[in-house]
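Below are structures written as structure tokens.
Note that subunit A is present in both complexes that follow, paired respectively with subunit B and with subunit C.
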Partner chain A sequence: MTAATNLRQVPLLRRYLTFTWITLGLAAVILVLSAFNSPSLLVNTLVSGGMWAMMAGGLALVFGVMNIPNFAHGELFMLGSLTASLVYGPIRELTLSSKSDVLKWLGPFPGILVACAVGFVAGIILEGSVFRQLRKRSRESWVMNTFLLTAGVSVIMQNTDMLVFGNFPRGISRYWDFKPINILGVTLAVDRLMVFVIAMVVIAAFALFLQKTRTGRAMRAVSMDETGAQMAGISLNGVYRLTLGLSSALAALAGASLLWLLPATPTVGQAPLLVAWYVVILAGLGNVQGAIIGGFLVAMIQQFTAYYVSLDWVDVVPTAFIILVLLFKPSGLFGSEVKGVWEQ
Partner chain B sequence: MTFKGQDITKLPPHLISQLGIGYVSESLNLFPAMSIYENLLVGAHTVKDKAKVKSQMDLVFELFPRLLERRDQLAGTMSGGERKMLAIGRGMMPAPTLMLVDEPSLGLAPIPTLATFDALKQLSARGTTILLVEQNVNTTLRIVDRAYVLEQGAVALEGTGEQLLHDSHVQEAYLGV
Partner chain C sequence: MATQTAPAPITRARVISSSRRTLITAILLGLLAIALPFIPPFTGQDYQRYLVVAALVAAEAVAFDFTGGYIDIVNFGFAAFVGLGAYTSALLAVDLGITPWIGMFLGAIVSGFLGLLTGMLTLRLRGIYAAVMAWFIGLALMGLARNLVDVTRGMLGLNVPRLLETSDNLPYYYIILAMLFLTLIVLSLIIRSRFGLAFRAIGQNVQAARASGINPTRFLVINFTVSCAFAGLFGGFYAHYYGILTPDVMAMVHTIEVLTVAYIGGRGSLWGAAIIAFPLTIGVELMRTSLANLPGLHLIFYGVLLMLVMIYQPGGLAGLLRRAGAWLDSRKPTQVKAEA
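Presenting the complex of A and B:
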């Protein structure tokens, strides 16, 4: 526990002159300056950052509340993109043949929403059939055991997908069949814009849910002290179910929203899983707020690397950056001694 | 083990607390990265009626004005005495009929200890039954209605606080008179 200091009494300057804020400030300055040079950098950072924030936010939530390093998170992304492609396929025929613009706008949403729901249910099943069973038996070396379990679940899900749906990509060229929009001199495909809007709305709703609602508070309470939460009459199993459901729904939503970029294949979730782990390690394990900001930071590093160096280096540079950060702040950018999914 | 005629031996913890048994543990189990206000709100998790949450919170703040002063401060940044107050306050939020309090004087300086006991006394005067486990014999016996002395797992003595305070065995073994 930290010394008894009231955060509000720390001078503003000292509060923000920390390693974390200096890093973030530098990133923001670089991003804004580069936007004059090439606006597409800013746009791409925001678009992919939103997706990484959604993936990493779910991963951080599960780790923060349940102490599970979820290596099957990528397969929930895959489940989302598969569901969306299966549902959207037939609907696409309908909307393409219709002349109505409204139908064309609404067409992609059933697929995305169904994917989200499937992800939610899959998460609840995963919790009930895997983690709950382990909890009943033993909580010894919990993190190691759940890591192995999720790695196993990941293999099973990938191979089941391959067995049932085959090993070929099910992709679409675009969700929204409209002319690209021009914003501040950047031509932006409607799909990119919509994905950004979806991410922003969902992240805002997710943050509000965690901060302001009774259930969100219960989740944060469980992440900080399970015994204390039980004393207050919170059902741990209920919170666990919801945690995994929500996290999986977020991953599936990301998978569905990115179907036009990453076609559904059995291993489509692997790359997003890795990025989500970069983000979570960079931000500090189990911190959702940090993971959301970290998502944008990693997206920025990737976009800059792809733009100024080469696409082959997009995994190298973020990893090097993470190593650098961990050298100076081993608990991650937003890590702290107090465990909780949402720091005040 | 029964409570109000219901067997609670095998009930999961969260259901026991919903029956009206509050518990303030020795280690407090507060939520360090939440404000005092939020800690209290979580304490009222099982209370659906918003007006009742509000009135219970007013009661907590009346009993512990200190908590009201620091309403938005994070629980993890408070002193030991304040944390103890918050733990008791959080236990009060669902208006339990029985409150179990485990060693409230643990790790506290004499003045905060007295303040904590005083608050418990007021709480019991307002109609909450309090079951207190303590090793601070002198102070405890002065505020309790009934006391039991446990020795090696069995009840060795029982009586009102006043009676035990003047009991020769208690004086010799625990008070060092």
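Presenting the complex of A and C:
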């Protein structure tokens, strides 16, 4: 991305004729054209895109700040959907019997919020019990070692869930039991709309937090230059704890919000994990903003594959696309080469 | 090998004695592995089946350690490369009637070729790209095996002719043991050559390696290709041993098993993985059969063990044994002194 460093000297035409802009432009055109053809494609892209953006944003944040390629991100999604299903079950009985619309509106929120909190705590425990222990001992080939550690975490969490809660889906048909809403001729289930709203609110809050607050600035500082951040008086351990906590909370929130679509099973996190990684590789490792845009892009590729080809090929087509991106733009679409201090 | 970590200055006499000790240990362990099916608990068919599985996992872990331990790139799609070799060999045998003995090597070539392509695409980037991309490619391959029902029969599984007519496990054990020994010898010869020197240099510090005139990408790709080719070879054995092949052979769980064994054995040693695979795999197989009502317990065990080793004992078994060897070496001169 030499163009970005020296914008003024690049002619206007060439600035936007890059691989990234052509891809994004094509995506936008295709999306708009298809919206006339079948509006459900656009709606589905936006709904799942919001969730993938949340997953991928957290994954990119952890890689950017802590240099951990988190393979257990999907298990935090699973934790969220499990918690939500356990909490929401009894509440559902209550709200179903009551006639009050307010209760019906508020019913799903305790489950989602508790899932978010559980995710946050799980992230903090993970940082303290695993990554901090390794960091104290050795930072040699940190990225690969932590990747392996998170793979271990993933296996443990998945199989513990299977042992304790059993290998069967705990799903719900819907969170909000209302009539579908009609927007611009598209009938839209309330759940889809709410999920989109939740995703937008959370992503906006997340972006504001990173850009405007002192803590967010500290996190960005650590991701840019750890030693420098430490010299400026930032407590690294605090930032690490918060980073993993936040990212886990986002994953758990995504899991809880999608409970009506993906019932809680021990392996429910695998598909979202894969998508989050697609996005992060596409957008460039550790690039949080890129990951949020990429979330929508990957959602679009998936929805189009499912619609025009078949659901079975949903994993194959994005892989082919990623191979293209790696061939032409190895640092990712929004390529920022985030390099850890501990890497060579 | 033990001399590398020995604290005292290395004299020529010590190098010989220590490498001779390594050689003797290796031969003794090899003989033990050959004699194992005749030692009481392993005489039954059940236990001999565990032995075959253990030797297969050992061979896979050695091939895995060749990349994981030396160039520090974790092949997260390892099981898929095994599966690609398995499917290649199986389909050649089923559709074209090519004998498995040739098919296994053709499977190795196909897996190696895919490894070459993957490596050329990702290994010029940071290691994590190769790891994640191998995972993606593994998932895509598994998707292909599932979806191309006309060719692979999908989840129904492919009926594959077995290597031998017999249902006895013993001959299979000796075949896979021979493959394990061959792999160990070939890979250690590569590691001892100037290729191995380059691999280790790159694994420790890419910049320094580049500064000393090594083209990192080329060596990384060579290493990755060789490892994938061996994975494909063992896949061929897998297919023609079990006689039935489903896309599950490419599942992530299998990669996790292999990498756990490789890392507990000790990264960058090759033989550590081969030794530890036997007790670990047999123990886990016993755990799986005796605690069948608690599915997944053996995977939790693997996960916990992997994490403990990664954090507290990064050298694994090989690291422990090397330290023990160095300790033995450091004791010898003092004894000599005392005699003199």
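The rule is simple: the second predicted complex is superposed on the first by the 319 of 344 C-alpha atoms of A that agree within 3 Å, B and C clash if a C-alpha of one lies under 4 Å from a C-alpha of the other, contacts with A are read in each partner's own complex, and residues count from 1 in each chain.
Just so we're on the same page, contacts are C-beta pairs under 8 Å (C-beta built on N, C-alpha and C of every residue); 3 or more make two chains touch, one makes a residue touch a chain.
Note that the structure is predicted; figures quoted are calculated from it, not measured.
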First (subunit B), second (subunit C), both or neither touched by A:Val268: neither
First, second, both or neither for A:Leu253, with subunit B first and subunit C second: neither
Touching partner for A:Ile322 - first (subunit B), second (subunit C), both, neither: second
Larger contact residue set on subunit A - subunit B or subunit C: C
Subunit B versus subunit C as contact partner of A:Asp225, first or second or both or neither: first
Touched partner set for A:Leu236, first subunit B, second subunit C, both or neither: first
Partner chain in contact with A:Arg217 - subunit B first, subunit C second, else both or neither: first
Subunit C-contacting residues of subunit A that also contact subunit B: 343-344
Complex interface listing, subunit C residues touching subunit A: 72-74, 76, 121-122, 124-129, 131-133, 135-137, 139-140, 143-144, 146-147, 205-208, 253, 256, 259-260, 263, 294-297, 299-300, 302-304, 306-307, 310-312, 314
Complex contacts: residues of subunit A adjacent to subunit B: 1-2, 4-8, 214, 217-218, 220-221, 224-225, 227-236, 336, 338-340, 342-344
List of subunit B residues in touch with subunit A within their complex: 12-15, 17-18, 22-23, 25, 28-35, 38, 41-46, 72-74, 76-79, 90-91, 93-94
Touching residues (chain side subunit A, partner subunit C) in the complex: 69, 130, 133-134, 137-138, 141, 143-145, 147-149, 151-156, 158-160, 162-163, 167, 274, 277-278, 281, 285, 312-313, 315-316, 319-320, 322-323, 326-327, 330, 343-344
